[in-house]
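First subunit A sits with subunit B, and in the next complex the same chain sits with subunit C.
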Partner chain A sequence: MMTTTVPAWFADLQDEARAEYDTHPMPSRRDETWRFGNLKQLDFGGYTPDEGSEIRFSIPELPDGVICVPFEEALEKHSDLVQKYFMRNEPRLGSQKFAALHKANVKNGLFVYVPDNVQVEKPIEVSHVLKGSNKMTFPHTLVVTGKNAQVSVLDRFSSANDDDANICIAVNDLIAGEGSRLTYCAIQELNLVSRMIQINETSVGKDATAKAFTMNSGAQWARNEALSILEGEGAHSDMLSCSIPSGTQQFDQRTFQHHAAPHTNSDLLYKNSLYGNAKTVFSGLILVDEGAHYTDAYQTCRNLMMDDTAEANSMPGLEINADQVKCSHGSTSATISDEEIFYLRARGIPPHKARRLIARGFSAEAVEKLGNEALEDAVLEAVERKFSTL
Partner chain B sequence: MSLVIKDLHANIDETQILKGVNLEIPKGEVHAIMGPNGSGKSTLSKIITGHDDYDVKSGTVTMDGVDLLEMDVDERSREGVFLAFQYPAEVPGVSNANFIRAALQARLPDGEELDAVAYYKNLYSKMDVLEMDRKFTSRAVNEGFSGGEKKRNEILQMMMLEPKYCILDETDSGLDIDALKIVAKGVNAMRSEERGFLVITHYQRLLDYIQPDHVHVMSDGQIVKSGGKDLALELEESGYDFLKEGELANA
Partner chain C sequence: MSYDTSTIDQETQDAISVDQAKGDFSFPENHKFDAGVGLSSDTIDYISNVKDDPDWVREFRHKGLKTFLDKPMPTNWATKDLENIDFDKIRYYLSDGQKPKRSWDEVPPEVLETFERLGVPEQERAFLAGVEAQYDSEAAYSNVKEELEKDGVIFVNSTEGLKEHEEIFRPWFGKVIPTGDNKFSALNSAVFSGGSFIYIPKGLKVKHPLQAYFRINSENFGQFERTLIIADEGSEVMYMEGCTAPKFETSTLHSAVVELVAMKGAKIQYITVQNWSSNVFNLVTKRGMAHEDAEIRWIDCNIGSRLTMKYPGVVMKGERARGEVISIALANNGQHQDTGAKMIHAANNTTSNVVSKSISVGEGRSTYRGQVHIPKHLKGCKNNTECDALLINSHSKTDTYPAITVRGNQHVTQHEASVSQVSEEMLFYMEQRGIPEGAAMSLAVNGFINELAQEFPMEYSVELKRLVELEMEGSVG
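Up next, the complex of A and B:
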């Protein structure tokens, strides 16, 4: 594949990142951020970094001034902007080493910049299709909104076929400027022999609203690290997820709600429906800085155990250093009660359809919070695709 | 054409609850069962519906000649049995509209899709009869509903599913007089030659609004007395004390 010339700053950054990757130790059992995690999945031996994935864009008509280009083109044409926002902060949730690997190898992805007071109504959609076998790909999505701007972006991750094992290490940087509304949604439907690490970092400015949604359906193992930093007063962040692991799939979710300014609020809702021998880990942290008064932070992880062979681990955490703070965190694991099933059956709904109806409703509760019909439909379709395999 | 219960004996765990119930509800008739708490009224209704907490020891339940006890719960419902529960379950996450839609969809042959537009039109018109706010379509089934709202929701389902035999278990409890009239209006609108009703109630009040053709008294797992609708009034006057005093012989 032809390589375009990258700016010097970026070439330097990639050199540094290569060195960083070597110096960062591999995660170990002792790391709090990898507790209950499956470290065996981090053996990437035999995989080669490559532009294995095919990337397709589906871009609606855009108002003047909006930049929406492939990442490599952005490096060439909007170097300053990319430099300003690209992976500004160190990941805090355990994947520093893999973020460095991403940085060292990233070539493709999407760059979106929406200038002040410009609204993009329809979602911008990117589809990453993993191809070839034993390849590693590093898609990057960087979305920046100016003052009072609005945009929504959908990232899809899938595999070209069912048998080729690949690894995808994706990073998405979301920077929501003052008063803006930024919605991001990722739908992960890799094949069952591939692995995924997704590192999400969201910065929310004054009076801005950011929503980040992750739907996990595929992959033998997926690790999601989501960090939202509420930087400006009045910032609001929704962190949402719905995942449906089945068989021997394992999903490992780590979240961080960082309230760095007063009058900020964050709302996290993760919903997992687990089938078969699936396993999930959820570890969530809320941090309220000194001075970040009048903060509301909510964190909820709900697991619906569809089979008693599945396993869900939840580890909520709180650190509050300010006053006048409303925080709550909780996790629940429940099965569908016999009474619910009986009730649905007593209305003529066959048992498997009754269970499906409840599981669908369970996922939908997180999806509805997206507040964007096109994205909600896209996620619900992925939910149905998953159900059709069960 | 009727729902026929013959010599039904049933246990829960080792305890005998039903001790030989005999009852026939022909289409076109409304039968009421009254009786003190704990006499087995809800047990009877749940056994007809197919709840598996109960062991049927002997006896039969047939609907228009078909053996109900051989069928699964959902199959019985699709065949035309409906129970408005005394204590309806809550189903978090599933909207009322999607629930009723799934129930109707389950009655269609494979590959046939329910017409969504016609469905909502029908649903709204039934809700109007029951004076239910439209917001109940999107709320999770019975979750956070008041007692009265749950009962109305049961009748809504009954009106939507148009069963052949309807059993109403203490639908009046939790309803104030206005709500009771509304629910009765819904039930009465469904009375027809094609449909049988079994109305279970502790109080005579409901029967002022849903006038029964026959009234039965249940006590300790048996029907101990049957009569016309006047029997309900008599019971209202004299209560169930006669059951203890061995006046059954005069029944």
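Up next, the complex of A and C:
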């Protein structure tokens, strides 16, 4: 299906993936990774792979040695590097079948490679615009940082119009080398008839810091699977998200913090503000391997119930196989208290504005943890855009 | 209390060794009725014939067997260790065919000796209002204080309950936990025998606890007691159960179904101290239904067994009903304590609370699995869940898998879990004051569960602390 010539290894990989997609069973009600999930959304009948969805790059001035090219160009010119890092592991959070579909069809996306000791200050921005009727797109983002390198990448997903139903199955692989800082942010603003599956895998090397943020605003149904593997001592991973579902939107988020080395830490904060008949699922797992002593891992999911018809499902999980570990998780579901509204009303702010202000502050708490002003601004703008439709 | 476990005096040593092996003895089998090995519809008919079941019970059993065979093992979420249960090698019914005795003097000598050694008659004299003692499939002894009987309290075994008091028990039997709830509740429905049927009349507050003691004496045996407690409007009752089995080479299965019904304003407390030997698969379904203003509390302590899977639940069916689960689990080498709670809010302004503490020692594994469900169109429901896990050694394991569903914006739920160790500083502090490391560890662990242990009646909480101390022995290093 690729129009350009691809390396033989990649063609083989795609053949295997096609076979895997055909043979791998569909998720069923008995799969724990799809508990509370909506399996009806997985019917892709009538959709065909997209031949030319739009992708726009906004690339700042880059220091020497940094590779930042469209994915298909990387396959041609940096085949060895791509081969080394492209989808190395099978997804563990339920979407193996759809990862295979992605692998078999992927043709566009971004490849970023930052060599040792090189820092890219401004974010690299990619915008995926879905168009055409009943099309499926498979964007891929592959980011690799060398020793002590630094980079930030922003992926935007949107639709060309409000009416075309599309399916986007995106995969992002983030590989943070020793001592590097890698920040990734995805803003999903698809139209309300489209669907999205986003599969993230982050591996964090020795003394490296990785941050991955997902903002869900659009789509009738979105599923995020985020896996962070802490592979080297001193690795740190932040997993962040803010979602604002409304109407009949459904967001299904599965996360996995895998501590494979001692002296690693991870922090997860997912915040959902639910309006209308929205439904969310959060399922998180912290896994501390045997021998991964001195792990600090935290996981928090907070649901702000803005309407009486919304539904939030939370499954915060822990599996601890080591000692000298500090782990905790928390999950809350509640609404804005009358006291908070009263406080703001006493200062002359009408109730509907007070509610908006509090909800905005609620989302902002996760956004602020990004620690990157340009990315924070981009997310907060998306938050404002969403609030303006409510 | 002796702190130095390495140099304790002989007397304490004796006390400890007797205690550790307290349940580890058995008598030769002397069964008049034996349903043989394996499970088929003939087994069901055999049990029904021996028990002279009414037709509807026989039908209920056959339906249970069918459901059991149809249902897959829940290994999609539960441990694969379940596959090691060989249902064809288990004996499903063993009894000597005698009715439970009202006096210990009439109980067969070896059965009496069993319960004497476990301290049951002594406790009955000391603080219990009624006792039922089950030996393999049937109750050997069942008695309730005369004045309670006069007040209308019914405390009998399940066979008698269904036959003599059908009008009271049948309407609720299998209603809180339907046969098809899970594979093991279906198995219990097919082969149940023994267990207590209790009815507390309106407004009666039973001051002293009622107790049941479950004893497995035979190898390869499956115990399937069925308990149903109905507390009528405004009544109160506390029920306690204990259990032991000798340690056989082969595995033993215990799969009970316990249903509680608390009518308007009633209160039921159900206390379990589970200390099965480490060859027992303990797969138990426990659930209560709380009507308007009623309260159901499960106080659950799991120390024994090879694998325990038990998630006591409360369905809060009436307004302002309350549900609570207090759970302590201790998993030592070769043990997996998979425990938790299930809170189903089905009316406005219902509240539930879950507090779970688990300790993993050696290569033990403890798991918390919970469910909180608040459906649509309800107001003012509250849930609080706290689970804390303590890991003692570097090969100890712990997992937490809660699931919380909230619909609507008029509820409050919060869930918190933590995993920690006994800190070096804490041990150092105590060692500095002359407490050896082992005893310091034991103290720290008892401190960790102390708050919950106090929820148990005095006699049990003392026993509990002692059991924990014993289990902790030699765990450091």
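Convention: the second predicted complex is superposed on the first by the 387 of 390 C-alpha atoms of A that agree within 3 Å, B and C clash if a C-alpha of one lies under 4 Å from a C-alpha of the other, contacts with A are read in each partner's own complex, and residues count from 1 in each chain.
FYI, a residue touches a chain if its C-beta (ideal position, glycine included) is under 8 Å from a C-beta of that chain, and two chains touch if they have at least 3 such contacts.
A quick note: this is a predicted structure, and the numbers were derived from the prediction, not measured.
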Using the superposition on subunit A, tell me whether subunit B and subunit C clash or fit.
fit
Classify the contacts of A:293 with the two partner chains as first (subunit B alone), second (subunit C alone), both, or neither.
second
Subunit A contact check, subunit B vs subunit C, more residues touched by chain C
At the Cα centre of subunit A, what angle separates the centres of subunit B and subunit C, to the nearest 10 degrees?
80
Just checking: does A:8 make contact with subunit B only, subunit C only, both, or neither of them? Give me first, second, both or neither.
neither
Contacts of A:357 with subunit B and subunit C, given as first, second, both or neither
first
First, second, both or neither for A:326, with subunit B first and subunit C second:
second
Touching partner for A:309 - first (subunit B), second (subunit C), both, neither:
second
Once chain A of both complexes is superposed, is A:35 in touch with subunit B (first), subunit C (second), both, or neither?
second
Subunit C versus subunit B - closest C-alpha approach in the superposed model, Å
16
Contacts of subunit A common to subunit B and subunit C in the A-superposed view none
Applying the document's contact rule, which stretches of subunit A touch subunit C when the two form their complex?
30-32, 35-36, 290, 293, 303, 305-335
What does subunit B use to touch subunit A in their complex?
49-51, 72-74, 77-78, 83, 85, 88-95, 98-100, 102-103, 106-107, 140-141, 157, 161
Going by the contact rule set out above, which residues of subunit A touch subunit B in the complex?
337, 339-340, 342-351, 353-354, 357-358, 360-362, 364-365
The subunit C residues in contact with subunit A across the complex are 76-77, 376, 389, 391-421
